[in-house]
Amino acid sequence: MIPTLILNALAVSSLYIMMASGLALIFGLRRVMNFGHGAIYMVGAYLGYTIASGMNFWAALILVPLIMSVFGVLLELLVLRPLERRQQIEVALITFGIGIVIAQIVIRIYGGTPLSVSAPPLLASSVKIFGADYPVYRLFITVIGLCSVVALAVWLNATRTGMFVRAVSHAPDVSSMMGINADRLSLLISTLSTAFAGLAGVLVGPYLSIDPGMDVAMIITCMIVVVIGGTGSIWGAIFAALIFGFVQTFGTVYLHEISVLLPYLMLIGILVWRPQGLNFGGGAE
Amino acid sequence: MTSATLSLRPASRVRLPIFGGLALAVFLAGFLLPGYLEGGYLQSMLNNGFITGILALCVAFVMHQCGLVLFGIATYYGIAAYVCAILVNSFGFSAPSAAALALLAALVSAFLIGAIVIRVKPLAFMMICLSLAELMRHLVALPSLRGMTGGSDGLVFMPEGRILGIDAMDMLDSARVWPLIWSATWVVAGIFLVVALSHFGVRLRAIKENEERMRFSGFDTYWPRVLAFAGVGLAAGVAGVLQALASGFASPEMFSIITSTNALLAAITGGVSSVVGPVLGGVIYTWAISEFGAMGYSQLFTGISVILVILFIPRGVLHPLRLLLRKGGRA
Amino acid sequence: MSFLEISDLSSGYGKATILRNLSLSVDRGEAVGVLGRNGAGKSTLLLSIFGQTRVFGGEIHVAGTRIDRLPAYRAAHLGVSFSPQGRMILPNLTVQENLCMSLATGRKGDWNLDAVFDLFPILRERARQPGVALSGGQLQMLAIGRALMANPEVLVLDEPTEGLAPVLVDVLTEALLKVRASGTGILVVEQHHALIRAVTDRFVVMAKGQIRGGGDSADMAAEEYAPLFEL
Amino acid sequence: MIRVENLTVAYGAFKALTDISVDLGQRGQVHSIIGPNGAGKSTFMDAIVGKRRPSAGRIFYKDRDISRETIQWRRKNGMARSFQKTSIFPGLTIFEQLDLVATHLDEPDLDAIIDTMDLREVLHVEATRAAYGVQRRVDVALGLIGRPDILLLDEPGAGLSAEETVHLFRHLRNLAAERNIAAVVVEHDVEAVFALSDLVTVLDLGRHLATGTPAEIRANPQVVAAYLGTAA
């Protein structure tokens, strides 16, 4: 029981990590909270459904992040850059509006009924872990989640571009005086962030279900994760996403229906304790 | 809290009789409205519009006085509606006592939440308020509370007793409940206006402008904002009770993001520094959303409105008008 | 037009005007010292070049390109690089990463990690440590090294000797002379007359946001300049 | 009025101020604090008004240890400050903000302050629309409200032209005399400091170098070496 739960928690956390780290990266660079992130994830999921049923799941896994990165370019060029001088809350509200519009368009196209995607044959089986049958697909999500965290860490810490991203996140003015072009980095980060959201969308299809409320549910989750992690702190967000996944998974089993309230109670609890969030390991603020 | 006395600028004092007279005339004329509308669609639209207007006033107040975006006003609105409905249904309270306790519940919950969220940064404040509304939406829909809250179907209730001379049963009639909604809007707007003009209002705005200087001027900067937040919760509770009484219904949808977004939109469009603008905004958006809703586009309309309003009129449609009236200088 | 040409510049922060109609130019390979009391506007002058102030009037040209309306990062790309006051080393980046920030300019030249490490050997030993772990003198070396990594035509320094022990001032003077010898120009704001005299060709004196005068650095001690330093 | 004993303020491992002991604030006098950038002047100011907690040492105000008192307590008990970066309430009119603070601190004669700081003409202007020199005067006026016993001013001349600085300093000198308050000023403009101060304290690298009359300070060889240089 417990090992299965831990694995489930890791699988869910992986999705949250892919989402929340993207949000935190954009926030670090641009000080903008992208409230449309949930809608991007939703588009990823529905596109994934279309491609998976038209071609196959593996094509969706490759194509959707590529297509979604176009949204990132648009986000940077049409929203973040022109609105650079507006207040961060105003920009956040605009992304929120954009999120609603995107979600509504998706609902227009696909209708309001939940859809499901089946896992590809290769991953549809289950394996024995600690004596219990466990679906391979969930392990697959966890592996992808872990890989993306490792890739992100390597990219941020071992490449020159990653170092520039860290520099701008910590000290935008010093970085600009040293000649670092934050606009170009922001384009890259936006693209990465939406691609990750798309990837999470594709992955969620065979695991949970695809429905019209998934954008709101995800953005609320992401916001709780980001606030708990300390606004803008990437590692804080990743850690908070892990906690969130575990609390949610174990809560569902041991606390039954009360578990939907747990994340919120956790949020309130942490804010009473530390109004600035957990925020360790070098947040942007 | 030492003083809440009015301190108007000299120029405003001269104008007070004129504006006061005009306002009184409009207020009295409002009661005659049902005679012209003869109930029906327009009247219920107006009722809903004014209720949204009260919520918009709350959002505008917090934005203008505290510089914070209250993106979760639905929390207190919904709490009041549910408390009212539950007290009537499960505990047999009469309408007036249920309404009074519902307002108290809104006030207390806003006070407790305010005490936590007022300390965090503005962006986190916005996100937390939104999350709390979602918390409530999930809470009232819990299957185990179904007996009390009606679960995801919402809660129908039939109150008894009279509030301000109107029988609670009659309130389901849109024309009969109108005087209550109309005067409540005036009371809320009036109180917000008086607070804004009082020393307490100036103090709130001063904290918004420069919290550090306030501390260096010997002021406490935490409790005034918590109190303001609690007061706003109470006002949103008024809207919630009105909605509950007018429809005999409380539903999880009252807590939805869309409720909060519409109030926010109405406040920004109307202009957060005015008390007329947000109410007007509430009426206009309620009408527009109902029109677009008939075609199934209500959320799309909300989304597009958010983008356009923030992009082009972040300070409200009345703002350019005011600048014109003011002719550059302060009246 | 000189390589760095500041003409009739008025700038400041928010509503406050600090510089008033200031003009100054630095040629390729030339070294200019800026003197003046605290609060004279020397730092504001340098920050204006790097887009960190609000420009109310006048123009700034670098290598013939007008930069006061361009994004702040462009200045470094065009060949001026900055060692700011207080060093502004990023504490959570390593020494080597701090140095490599300047690679963003994409400018090629003789200054690379090895050259900077040769100039300041202590930085080589500390290359993998975080910026926060350095002493004041090492931070200053790092700031100068970071600016050199951009291979500038003109190196801009704001109070490089601030808070340094006298012996370190000598080390710094030596290093700056080597920089000059490599053909790089220098614009330095400084309170230590000795350093200005040793390193620069000419000096100007600022007071209350304006340049009040100047001359050859070699003659700084001359009688005729004494009134300037009383400003 | 203020006695600082062995004050040390550290940010992590870095000591911004080391073991400073000095008496400040004679009624009716202007006491200036000078020193190079990074000497710890602002930290010193912050420690006195309660924005920064001392790591060691104590601060006495009217012979009472106030090291642990809040900013609000200090203000209510007669310690006021102005800011290096103008710190006023941009969206309020000048009257609104003065009136607000005056009501809170029971200032009996706001009119006198308005006249002293020459703000009568601009009372109903929104502060952000006022000229920078006016904003600086509002900053000082906010500090004057409530009959403070001691007024600490952090670089009142920053961002002002030479004429405006002199203007402001004349105001200050008159104020100290008229209202019998102690003015403590952190300032860069050495000429203005020497011309208008009764006492001068020099800080350097977080240490107390000297305190004395302008004439004594000018003649102090240590100060000349560390700070004034050829300017002495």
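Assorted remarks:
Letters are used for the chains, namely A, B, C and D, taken in the order the chains are written, and counting of residues starts over at 1 for each.
The definition used in the following text is that a residue touches a chain if its C-beta (ideal position, glycine included) is under 8 Å from a C-beta of that chain, and two chains touch if they have at least 3 such contacts.
Since the structure is predicted, the reported quantities are computational estimates derived from the model, not experimental observations.
When C-beta pairs in contact are tallied for each pair of chains, A-B comes out on top.
Comparing the centres of all chains, each the average of its CA atoms, the largest separation from chain D belongs to A. With centres set at the average Cα position, the gap from chain C to chain D is 31 Å. Note on chain placement: the centre of chain B and the centre of chain C lie 56 Å apart, centres being C-alpha means.
In terms of their C-alpha centroids, the spacing between chain A and chain D amounts to 50 Å. In chain D, no residue reaches two or more other chains under the touch definition. Shared interface positions of chain B, defined as residues touching 2 or more other chains, are absent. For chain C, no residue reaches two or more other chains under the stated contact definition. Taken as a contact graph, the chains are arranged in a single closed ring, with each chain touching exactly two others.
Contact between chains, as defined at the top, is found for A-B, A-C, B-D, C-D.
Contacts from chain B toward chain A in the complex involve residues 69, 116-117, 119-124, 126-128, 130-132, 134-135, 138-139, 142-144, 257, 261, 264, 297, 299-300, 302-307, 310-311, 314. Chain C makes touch with chain D in their complex at residues 12-18, 20, 37-39, 85-86, 159, 162-163, 191, 193, 208-209, 229-230. Only residues 160, 163-164, 166-167, 170-171, 173-183, 282 of chain A touch chain C when the two sit together in their complex. Against chain B, in their complex, chain A makes its touches with residues 33, 86, 88-90, 92-94, 96-101, 103-105, 216, 220, 223-224, 226-227, 231, 257-258, 260-261, 264-265, 267-268, 271-272, 275-277, 285. Across the complex, chain C meets chain A through its residues 50-52, 71-73, 75-77, 81-82, 84, 88, 90, 92-93, 97, 100-105, 146, 150.
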